[in-house]
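Down below are the structures I want you to see.
Shared between the two complexes below is chain A, which pairs with chain B and chain C, respectively.
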Partner chain A sequence: MSTDGELEVVGRPLPRVDAVARVTGTARYADDLQLPRMLHARILRSPHPHARILSVDTAAARRIPGVKAVLTGMDLPIRYGIMPVSQDERALEFEKVRFVGDPVAAVAAVDEETAAAALDAIRVSYEPLQPVMSIEEALRDPVDEPIHDPALTRQRGNVHRLVSYEFGDVEAGFAAADHVREDLFFYQGNTHLPMEQHSALATYEDGRLTLWSSTQVVHYVHRALAKVLELPMHRIRVIGAAHGGGFGGKTDPFSHEIVVAKLAMVTGRPVRCTLTREEVFYAHRGRHPVLIWMRTGVTREGRITAMHVRTALDGGAYGSYGPATVFYTGTLQTVTYAIPAYKFEGVRLFTNKAPCGPKRGHGTPQGRFAIELHLEKIARELGLDPVELRRRNYVRPFTRAVNWLRVTSCGLEECTEKVLQASGYRGRPRRPGHGMGFAASAYMSGAGTPIYWNDMPHSEVQLKLDRTGVTAYCGAMDIGQGSDTVLATVVAEELGLRPADVRLVTADTDATPVDLGSYSSRVTFMAGNAALEAARRMRRLLVEAVAEATGVQGDLDEIEVREGRVGEVSFEQACQLATTRFGALSTSGSYRPPRIAGPFKGSGVGPSPAYSYTACVVDLDADARTGLIRVNKVWIAHDVGRAINPLAVKGQVEGSVYMALGEALMEEQVYRKGRHKWPSMLEYKSPTVLEMPEIETFLVETVDPEGPYGAKEAGQGPLLPVIPAINAAVFDALGIWIDETPITPEKVLRALDARARGQEARYGPRRFPDVDYGAPIRVDPPDPHDLRVGEELERAFAAAGR
Partner chain B sequence: MLRLPRLRYLKPASAAAAAAAVAEVGPRAVLVAGGTDLLPKLKRRQIEADTLIGLAHLSELRGVRGDARSGFELGALVTLTEAAEHPALVEGHPGYAEAAGLVSSPALRNAGTVGGNLCVDTRCNYYDMTYEWRRSIGFCMKKDGDVCLVAPGSPRCWAVSSTDTAPVAIALGATVVLVGPDGERELPAAELYRDDGIQYLAKPAHEVITALRLPPADGLASAYVKLRRRGSIDFPIAGAGVALRLVDGRLERVRIVMSGVGSHPVEAPAAGELLAGQEPTPEAIAAAAELAARPAKPLDNADLHHAWRKRMVRVVVEQALQRAVERARARRP
Partner chain C sequence: MLNELQRPVHREVLLLRVNGEEHQVLVPVHATLLEVLREQLGLTGTKHGCELGECGTCTVLVDGRPQLSCLLLPVQLEGHEITTVEGLGSPAHLHPLQQAFLELGAVQCGYCTPGMLLAAKALLDRNPKPGRRQIEEALAGNLCRCTGYATIVDAVELAARRMGA
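Right, the complex of A and B next:
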């Protein structure tokens, strides 16, 4: 960076630092790793959706030549789970199984064939229990027994979590409305479908465990291994291998990671396990199926006076991130639209399906789908333009929402204007079957609170500089989103280098300081800020050394650090001078979000140091005879704050559009006869390149005051508006509402048939179940212009007795 | 990953030797050409074999012979890509070439063969799953079990014929050349199939398809319309192969054969007869398509909703008829 603040590498569309290894196939993924004497592990899984385990007989398996170890649940009895409040999983279950695919036993053998043969030889005796396969069923009294012990869940029946909040006076808000509308929506579950299956390799040498894994969160895997294996953290090293895609699906600690670690400890040999594609469908942690009821009051002008949202989540067999997901189905509505009074009730239920968890957008795509279509319907009912109605309710930058979420930079208006202009949405030509739809959204740039309660930084970066150059160390895991490139770019910008000049060591718990990992769109913002701090400290030391050695007097800030030079000397010379002066240097930087959360229990889910904003327009053709839909083009504008690498940001936006198209039009993780209907990449339909429309991406740079160089997230937010925009465009094309995902041609024809019969031109859920959400926690809204955070906010809470 | 079983791979010297090898090894032997259907099924233990009788090296099974005037003979090892792109074939029997070009994805068409696609296994989403999944649900009669999971009261298997190339081949009146231990025979393509999800081929296991013979073009216009979820990769969930002649503005010899609607390629002779002698008006085509689609009974064992698939059969038949008529009109001097 030049002394006048002009950016040299930030903002330039440079190739990613790992691009060549990725595209030439030389990047080493976990399944590529081979060690001498390595064993292969396979996991035996439940064939029943819900059953008690009566006995597990492994004697025959142990006798098979080449089998080196067999584990059952008794070897790994300690429960774990990503959320401290939901420690409900075991690496191998020995009491009961809760879905088809639940792990029961594991084998390490000289090859995969032998391991598979050994699994076949394990005899498990089950007592089947009545499975629970839907939200409705989960709300009824259990036929046999709840899926989880109510003593652990502290809830009745198959309820996992309940949330109930009222912010402001909702009743008064509805009373002030000129018009009130209710709608029902259903968002189907779907899965991440990463190209790379989960894979992990463990060694246990000299009392130290090392695990290479395809994970998004080396730190959380580290914690889970320490807990379940009862090893101190300093005897465990977790390394993130080159990553073949996560999208949230590798954000939990997994059974196979714990199993290979234990097998390595038992056998004293390296052990690797790569899940089959079918097992990846069972690992899941994907999109929750969610039923949503939404009631909103508006004035004649379309201003929202109150909103009441109820959600019911089909959580699958385990907790995973579910306690957060249930919040996310409602919490972020208030950072897109100014809602003066807001009531939100949510319930997450256990069912006998693969556990749901975080998938790109984590709990928010469902609520986003509902609110965008709901507002679209309200606008049409009031005779208002649906975009205009939204604009009248857009949050303003630098305000605080009714549920205390703090909004800083906000480019919703600019995003909206960009896509309206470019798409010609307003003056679109009318032809049969053609439609356009608009939607807007917001997403977090990292969760404001950590998963386990602590006051430590969320991200830490260390820089080492010696005579050979500079190396950055950070626990963040590049899962393909480009976080390594962001780190290198930030360091390069501050030290006057090119990103490729910065060596990186990332996601290695021995070598790198903690970063909480690649989830909640947090890495650019948090690790970026930590890297920025470390790099500025290093720059200062370099400049000091150079100034001293070259006899420069005066303001050190006047010394240019750019284009491979520090003042009058080259960067290499500067490194030598700095080493001469100080010895090998290291600096560190860290980032912890300010305290933003409001003064109430549960306020920790939703706050983020900054929100990204997106708007999009979808153009499609829908065939009234077949119900088939062809998406022609997507215009999407994303407020990324600042694009540290616009090429990488556009890649994230386009990938989000692709994933959204799959969710909107075809993907569904569905069950038949108690098991996953099609755990196969051929049968589970996801779009191919041929289904991809042209995408025109606009990056809006609002330069957030707290983001590194003003940057905000890009990995998840752009998915959100695409899905409801597709449904809105289908309405535009055919005059029917498909109030659920995915929009299959069958649903389109059924809605058209309904209209032909004089019924409502709609396909979607008909009823929201009766749920006792309990009395809401009532929260007084903040002053919308009170932007205090951190200690200032805490002092204010203390003064107010909160 | 899913592993193949341990396999012995034989390279017989000729098609006849391959046939003899299958007969000799017995039910644990299976013929393999491109392997695109077979290998995943071996991994999922849908087909259990210990011996693969390789055909890929048999050069006499390669190549496209003949022309539009005399008819074509396609060696069984001609790849689907070659068939789809063969200029004379595209010109002479565009419906067949387009069917070959709509099979799966480019990579699989480069490996998959003309003979292999005719023999492609019937499909069912209770059957096309791993061994573990099938064991979990309790196996079906097509492999390892004794009930039909999609129609539990049914005495038969309802797996779906999923070959894209057979419908047009049958509609054109093509024949297949089979070589067995006792010599060679020629069989109308229609007679290669049986209406049974398990024993879907009417040939014995030890007979090797060596060629597909397509008739002289002789005024025949053909088309194939395939319905599937995505623009690539997917098997047909409904397909229609059509061949017809347009003589003095009236239709003659109309044959309509559907894929993805039953356990064999289903011909609709009454619909063909309905059109014979008629002008190809939209109304006539719609009426024939309606008639052709009537017997189709899709079940919940393939992609998308079976009620929707049922509704779409007439659509694909109609589209195929229209396209064939357009081609017939374009061909007339």
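Right, the complex of A and C next:
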């Protein structure tokens, strides 16, 4: 960066720093790693959706030549789980199984075939229990027994979590409305489908465990291993291998990671386990199926006076991130639209399916789908333009929402204008079967609170500088989104280098300080800020050394650090001067979001130091004869704050649009008779290149005051508006509402058929189940202009006795 | 039921030609080309996503034609020329396709990239000036979950232009 603040490498569309390794096949992913004497592990999984385990007989398996170890649940009895409130999984279960695919036993053998044969030889005796396969079933009294022990969940039956909040006076809000509307929506579950199957390799040498894994979060795997294996954290090293795609699906600690670690400890040999594609479907942690009921009051002009949202989540067999997901289905609506009074009730239920968790957008695509279509319907009912109705309710930058979420930079208006202009949405031609739809959204740039409660930084970066150059160390895991490139770019910007000049060590718990991992769209914002701080400290030391050695007097800020030079000397010379002056240098930087959350229990889910904003228009043709939808083009504008690397940001936006199209039109995780209906890539339909429309992307830069160089997130937010925009466009084309995902031809034809028979021109859920959400926690809304955060906010709460 | 180990495994010595090099290997006749490439020859650039012929990730070239290595048996392949991503270019001498993928951001996680590159190479070798639709058809059997495909198609177009220039 020059002394006048002009950016040199930030904002340039440079290739990723690891691109050569990834185009030449030399990047080493977890399953590419081999060590001498390595054993292969396989995991035996339950064929029953719900059953008690009566016995596990491994004697025959142990006798097979080449089998080196067999584990059952008794070897790994300690429960774990990503969230402290939901420690409900075992690496191998010995009491009961809760879904088809639940791990029961594991084998390490000289090769995979021997391990597979040993699994066949293990005899497990089950007592099947009545499976619970839907939200409705989960709300009834259990036939045999609840899926989880109510002593652990502290809830009735199969309820996992309940939340209930009322912000402001909702009843008064509805009383003030000219018009009130209710709608029901269903968002189907779907899965991440990363191209890479999960894989992990462990060694145990000199009393120390090392695990390489295709994980998004080395720190959380580290914690889970320490807990289950009862080893101190300093005797465990977790390294993120080159990553073949996550999208949220590799954000939990997994059974196979713990199993290979234990097997390495038992056998004294390296052990690797790579899941089959079918097992990846069972690992899941994907999109929760969610039923959503919405009731909104508006004035004649379309201004929202109150909103009431109820959600019911089908969580699958375990907790995973579910306690957060249930909040996310109802929390972020308020950072897009100014809602003066808001009531939100949510329930997450256990069912005997593969566990749901965080997928790109984590709980918010379901709520976003509902609110966008709901507002679309309200506008049409009032005879208002659906875009105009939204705009009248858009949040303003630098305000605080009714549920205390603080909004800073907000480019919603600009994003909207961009896509309206480019798409010609307003003056669109009318022809049969053709439609256009609009939607808007917001997403977090990292969660404001950590998963396990602590006051430590969320991200830490260390820089080392010696006579050979600079190296950055950070626990962040590049899962393909380009976080390594962002780290290198930030350090390079501050030290006047090119990103390729910065050596990186990332995602290695021995070598790198903690970063909480690649989830929640947090890495650019948080690791970027930590890198910025570390690099600015290093720059200062370099400049001091150079000034002293070259006899420069006066303001050190006047010394230019750019284009490989520090003042009058080259960067290389500067490194030598600095090492001469100080010895090898190290600096560190860290980032912890300020306290933003409101003064109430549960306020920790939703706050983020900054929100990204997106608007989108979809153009499609819908065939009334076949029910087929053909998306022609998507215009999308994303407020990313600042694009540190526009090539990478555009890649995230386009990838999000792609994933949204899959969810909107074909992807669904469906069960039949207790089993996953299609755990294969052939039958689980996802878009190929032939299904992809043209995408026109606009990056809007609002330069957020807290983001590194003003940057906000880009990896998840752009998925959100695409899905409801497609449903709105289908209505525009055919005059029917498909109030659920995915929009299959069958649903289109059923809605058309309903209309032909004089019924409601709609396909979607008909009733919302009776749920006792309990009395809401009532919260007084903040002053919308009170932007205090951190200690200032905490002092204010203390003074008010909150 | 007999388990796998009780059935005798038949193995054969084969001479495989991969990326212009000859390799003598002893393989069980049921082992797939994917397994032999990755586990015996150390050519881990070839990835796998399903091992059932559904995703295109393990695409290699056999005599210049794109094939799914998870569905091929090496016993069929003696006397044929096999090309993997390691044979496409090296870090010092990238193939124009590799260069274009890198420049245009057609690589995110990179896991589908080797298969995409080889499917694209097979196309350009038989049709040096493909239209966009022809590129899409040639890549339709290769899934990618990161990019949304547009940059991949752009990169193939760019490489074709450069190779024709």
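We adopt the following convention: the second predicted complex is superposed on the first by the 802 of 802 C-alpha atoms of A that agree within 3 Å, B and C clash if a C-alpha of one lies under 4 Å from a C-alpha of the other, contacts with A are read in each partner's own complex, and residues count from 1 in each chain.
Just so it is clear, contacts are C-beta pairs under 8 Å (C-beta built on N, C-alpha and C of every residue); 3 or more make two chains touch, one makes a residue touch a chain.
The structure displayed is predicted, hence computed values, not measured ones.
Legend: residue contacts after superposition of the two complexes on their common chain; A:Thr688 is shown touching both chain B and chain C.
In the superposition on chain A, contact is made by A:Thr276 with both chain B and chain C. Contacts of A:Lys677 after superposition: chain B is touched, whereas chain C is not reached.
By the touch criterion defined above, A:Gly627 lies against chain B but remains apart from chain C after alignment on the C-alpha atoms of chain A. When the two structures are aligned on the shared chain, A:Ala108 is found in touch with neither chain B nor chain C.
When the two complexes are overlaid on their common chain A, residue A:Pro47 makes contact with chain B while staying clear of chain C. Using the contact criterion defined above for the overlaid structures, shared-chain residue A:Ala117 touches chain C, although it does not reach chain B. In the superposed pair of complexes, A:Thr26 makes contact with chain C only, with no contact to chain B.
For chain A, the partner that touches more of its residues is C, with chain B and chain C as the two candidates.
Contacts of A:Met666 after superposition: chain B is touched, whereas chain C is not reached.
Residue overlap on chain A between its contacts with chain B in one complex and with chain C in the other: 113, 116, 197, 276, 680, 682, 688, 690.
By the touch criterion given at the top, residues 1-3, 6, 125, 128-130, 132-133, 135-137, 149, 229-234, 303-305, 307-308, 311-312, 315 of chain B touch chain A in their complex.
Of all the residues in chain C, the ones that touch chain A in their complex are 3-5, 38, 43-52, 54-55, 57, 84-86, 88-91, 94, 98, 101-105, 107-114, 117, 136-137, 139-153. Within the complex formed with chain B, the residues of chain A that make contact are 45, 47-48, 100, 112-113, 116, 197, 274, 276, 278, 625-627, 666, 673, 675-680, 682-683, 685, 687-688, 690-691, 744-746, 749.
Across the complex, chain A meets chain C through its residues 13, 15-16, 18-29, 31-32, 64-66, 113-114, 116-117, 120-121, 192-197, 242-245, 247, 276-277, 479-482, 647-648, 650-651, 654-659, 680-682, 686, 688-690, 692, 694-695.
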